[in-house]
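Presented below are the structures under discussion, each in the form of structure tokens.
Heads up, the next two complexes both have chain A, just with different partners, chain B and then chain C.
Right, the complex of A and B next:
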């Protein structure tokens, strides 16, 4: 149990879970809400740091403009960097070199 | 009540790069499924995206050509949503800070020019492609190909400046032409390198507030854009006239039935939770780069149309047709260079050439008849070697066989008969063979001159020089 401080509600957890297509039962939902509140409460300590004089940052490194040239990979006989076989090797199910998933649209 | 239609288009254009936006995989269309993938675009853990500089360059070129402003500082954002063809669970896109802000595109509607404003142009990666159920195999499964995942897209968002389905279509056609001129996108809607979503709403004429809009997806041809918007306008009018409200939703166009249908709510979860992409550093576009890109912008269709009228003296109509495709305009100019009679070239390019292209589904640069070959044919007509009529058949043969005009004329003996003694002999035979008509002509039925011309052409298999036939006939009939 968290200390009772509510930052994220059970409804919000249910909503985020739905967006991620996670099927949570009532127990899991309650448990995860508690855990998330504990984590978020802990993280809230960060808001105690004075930031008035800190510039907004989009990135932790003081770096801009990192590019690569428009060149394709050089795997012999092909153009991609992973072989098709390697790309599909972790898939639970494949068919004619496609990844197979439950039907998406009706 | 009278309603006004308000339309804004979001166009996704696939950029003409060799490699993907954040990895070195190729962007080739129709490769074997999942053969153009790597740990980065497969979304495997522990990988980092690195931005393709050329994709930025092409977006800058487009933005500058359309008078947009380059944001000197901008960054990428994560757009989070769940879908099997999006392996990372988010799309790297731009949200608050797009590469290009503003801009405009001029379109011609009913002879007047209208300026359509752009809101923004931003850079993002494409998702993969899914094939559903029995279209590949098992009806209960979907099949995912990630070759397209990570291919660079430029999203061009117009302001809600369009007022009719026809205007939307003209805007899209113009946009396609400009992108083609800029060499940033091949514009192939069938292959999905140019895709369009339309935001459509109605409001009472004379009011300024925007009505509730729907977004129509899946518009993969100019015709579909116009049809879908027209249908959606009428549907919304019906809703409003019944006193109900339009529901803000995403709809799909069913081209076979010509209707728009609401997307199932489970496919739709507009809660993207954008946040700055921590794996990519911000961009600060140097002014020198912007200047260099500005210098590289080629002549655009509007300028080229004006030049075709002023430099070649072409009618506005011809100029319009020719510049509608860069390849067609290039073909025309290359031919005029070799045969400097622009109007004659224009007639052939817009007429016989375009007809053959359409029949064969060729692009101008794929045609078996090159500008050099067409110029050769036009010279043969100009020099009187063949008649204009026979030239049309010769052109068809050239297109079919890929042979030169001279070779075809020589092989088939099509050289025009311009020997007056020989022609006189043929005409005398024609007249002798048709005594009744000759008598009728002499009795005043002068319309029969055409008949004699026809018979003479027939007797020479179309090879007689028509001008000479006319002159000689008149002499002999005196």
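Right, the complex of A and C next:
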């Protein structure tokens, strides 16, 4: 339970779930609101840490962009990419060489 | 097979001919059949493929061409590492039937070395958890403590498999402690390499700036052998480091005389389990007696580790898991009304409660209006963690800490309290935030007979120092030889060989 401290409302939880394309039932939504408030309350402690002028770290080591050779069908390491057939083999629904999804445009 | 021997011992027997690779794999498979109903360490057992690989290894030994130390060695592979033609589920319903069309780089390397894969080991769903209870395929049980406790997580399947002799060693992955914490809780050795030391190509992504594959083994020597096989630059992973890989077995008998070992005061906090603290302090003292110089150091941002990590890791996870939409692979909800309904229900039905919680936290932390307060702030604190370690390593060669504030807990005990579960990772998360390597070695048992781990951490790409300290620790203690039935194999007295 979130000791009454509200950071995120149930309406906001519903909004975030829509952003994440995550269907939630009413029970889940209530329970998640409680749990997220508990967790976010704990996370508020970060505001104690002075971070003015501190550069954010997205990645721990200096990286340079890596380009592979511009060849079709091969990975950077030279190994072959999966065939079209293999790439389609895990799809829930396919037709010819396509992934099938519900109709988007009427 | 409950007395499964380490890789380097099996190797001698395989080379001398006193052990046959086919017989070894058969014995492991039989043991798996016998104890799996109780422990549930594997999601998929690949018996047929294992027998074929073992036969090939036996043939190589017969022809005298078995040159790799891993030839014929039976291994458990965490089920988030892609294996061509063998389903890779991440212990999630959404990937229950996913069969990768390619092998992870680490799998290509293990196959080239002639290793045998026994199966795909259980884990927390998408590696999100610290107990292996969030698996879609049911919890794994700790071989210690009469199977009443969790094995830790998220690599609980690999850890329990090694502990119970269901493989000579294993590969796991570690995003915030997922190799080291289960290793500590099941009495085996676990090594999280430097970020970039081992290719992540083919590791199903959880938090891409933190994830790293590493070994779980019966002793430090084996960790050196397995790391040797998988370490090194990979052109297929642009984040893998182009840094030379040393011979890791060379450092194993160097001792610790002359090494400066830092003991960070923030890792011994009020409220931690007294038996864990006592065992870890005794381990540190043993290393001092072996010739190391102990130094008091401070890592002042340690208390903020959990908050920082659970913002960053979940933010990355929420983006990485956006690909599970029911279109190209994995589960799709039945008879969707339209595209949006397909996304919403596929993800609602395909993901478990912990994964949903983390996607929600991560999406919130990245959402408009909250990004600066959560995500950017956590990235800034991450910089402070890196600086903490840089300062500490200016004064010492390695750090000694506990792995987890508590030993293994009982099944179900923390499932309804996610924050309590997250706090279990406080001593392992900082190394992932800083990208540095760390090792867990067994350093004691509680009065309930549950294993305790000592953590060693080193500067980037200095896994050799971890192995040097770990091997020295094993040379002066017997804890790594203890087996889950509570009966030590060679242990005398209190584990210090006294």
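In the analysis below, the second predicted complex is superposed on the first by the 80 of 106 C-alpha atoms of A that agree within 3 Å, B and C clash if a C-alpha of one lies under 4 Å from a C-alpha of the other, contacts with A are read in each partner's own complex, and residues count from 1 in each chain.
In this section, a contact is a pair of C-beta atoms (placed from the backbone, for glycine too) under 8 Å apart; a residue touches a chain by one contact, two chains touch by 3 or more.
Computed from a predicted model, the values in this text were never measured in an experiment.
Student: Which partner chains sit in contact with A:87 here, chain B, chain C, both or neither? Use first/second/both/neither.
Tutor: Both partners, chain B and chain C.
Student: Using the touch definition from the top, say if A:6 reaches chain B (first), chain C (second), both or neither.
Tutor: So A:6 meets neither chain B nor chain C here.
Student: Could you say whether A:32 touches chain B, chain C, both of them, or neither, answering first, second, both or neither?
Tutor: second
Student: Check the residue A:23 against both partner chains and state whether it touches chain B (first), chain C (second), both, or neither.
Tutor: A:23: touches chain C, not chain B.
Student: Touch test for A:96: chain B only (first), chain C only (second), both, or neither?
Tutor: So A:96 only meets chain B here.
Student: Who does A:43 touch here: chain B (first), chain C (second), both, or neither?
Tutor: Only chain C is touched by A:43; chain B is not.
Student: Comparing chain B against chain C, which has contacts with more of the residues in chain A?
Tutor: Per-residue touch count on chain A favours C.
Student: Indicate the residue numbers of chain A shared between its chain B interface and its chain C interface, in ascending order.
Tutor: Overlap of chain B and chain C footprints on chain A: residues 19-21, 58-61, 63, 65-66, 68, 78-79, 82, 87, 99, 101-104.
Student: Which part of chain A faces chain C closely enough to touch in the complex?
Tutor: Interface residues on the chain A side: 8, 12-13, 16-17, 19-25, 28, 32, 35-36, 38-40, 42-43, 45-47, 49, 51, 54-61, 63, 65-66, 68, 75-79, 82-83, 86-87, 89-93, 99, 101-104.
Student: Where on chain B does chain A make contact in their complex?
Tutor: That would be residues 17-19, 23-26, 28, 31-39, 42, 50-56, 75, 80-84, 89, 130-133, 136-146, 264, 267, 269, 271, 273, 276, 278, 280-284 of chain B.
Student: How about chain C: which of its residues touch chain A in the complex?
Tutor: 97-99, 101-102, 195-196, 209, 234-236, 238-239, 241, 301, 303-304, 306-308, 310-311, 318, 322, 325-332, 336-345, 347-348, 351, 353, 356-357, 359-361, 363-364, 367, 373-374, 376-384, 386, 418-419, 422, 433-435, 460
Student: Chain B touches which residues of chain A in the complex?
Tutor: The touching residues are 15, 18-21, 58-61, 63-73, 78-82, 84, 87-88, 95-106.
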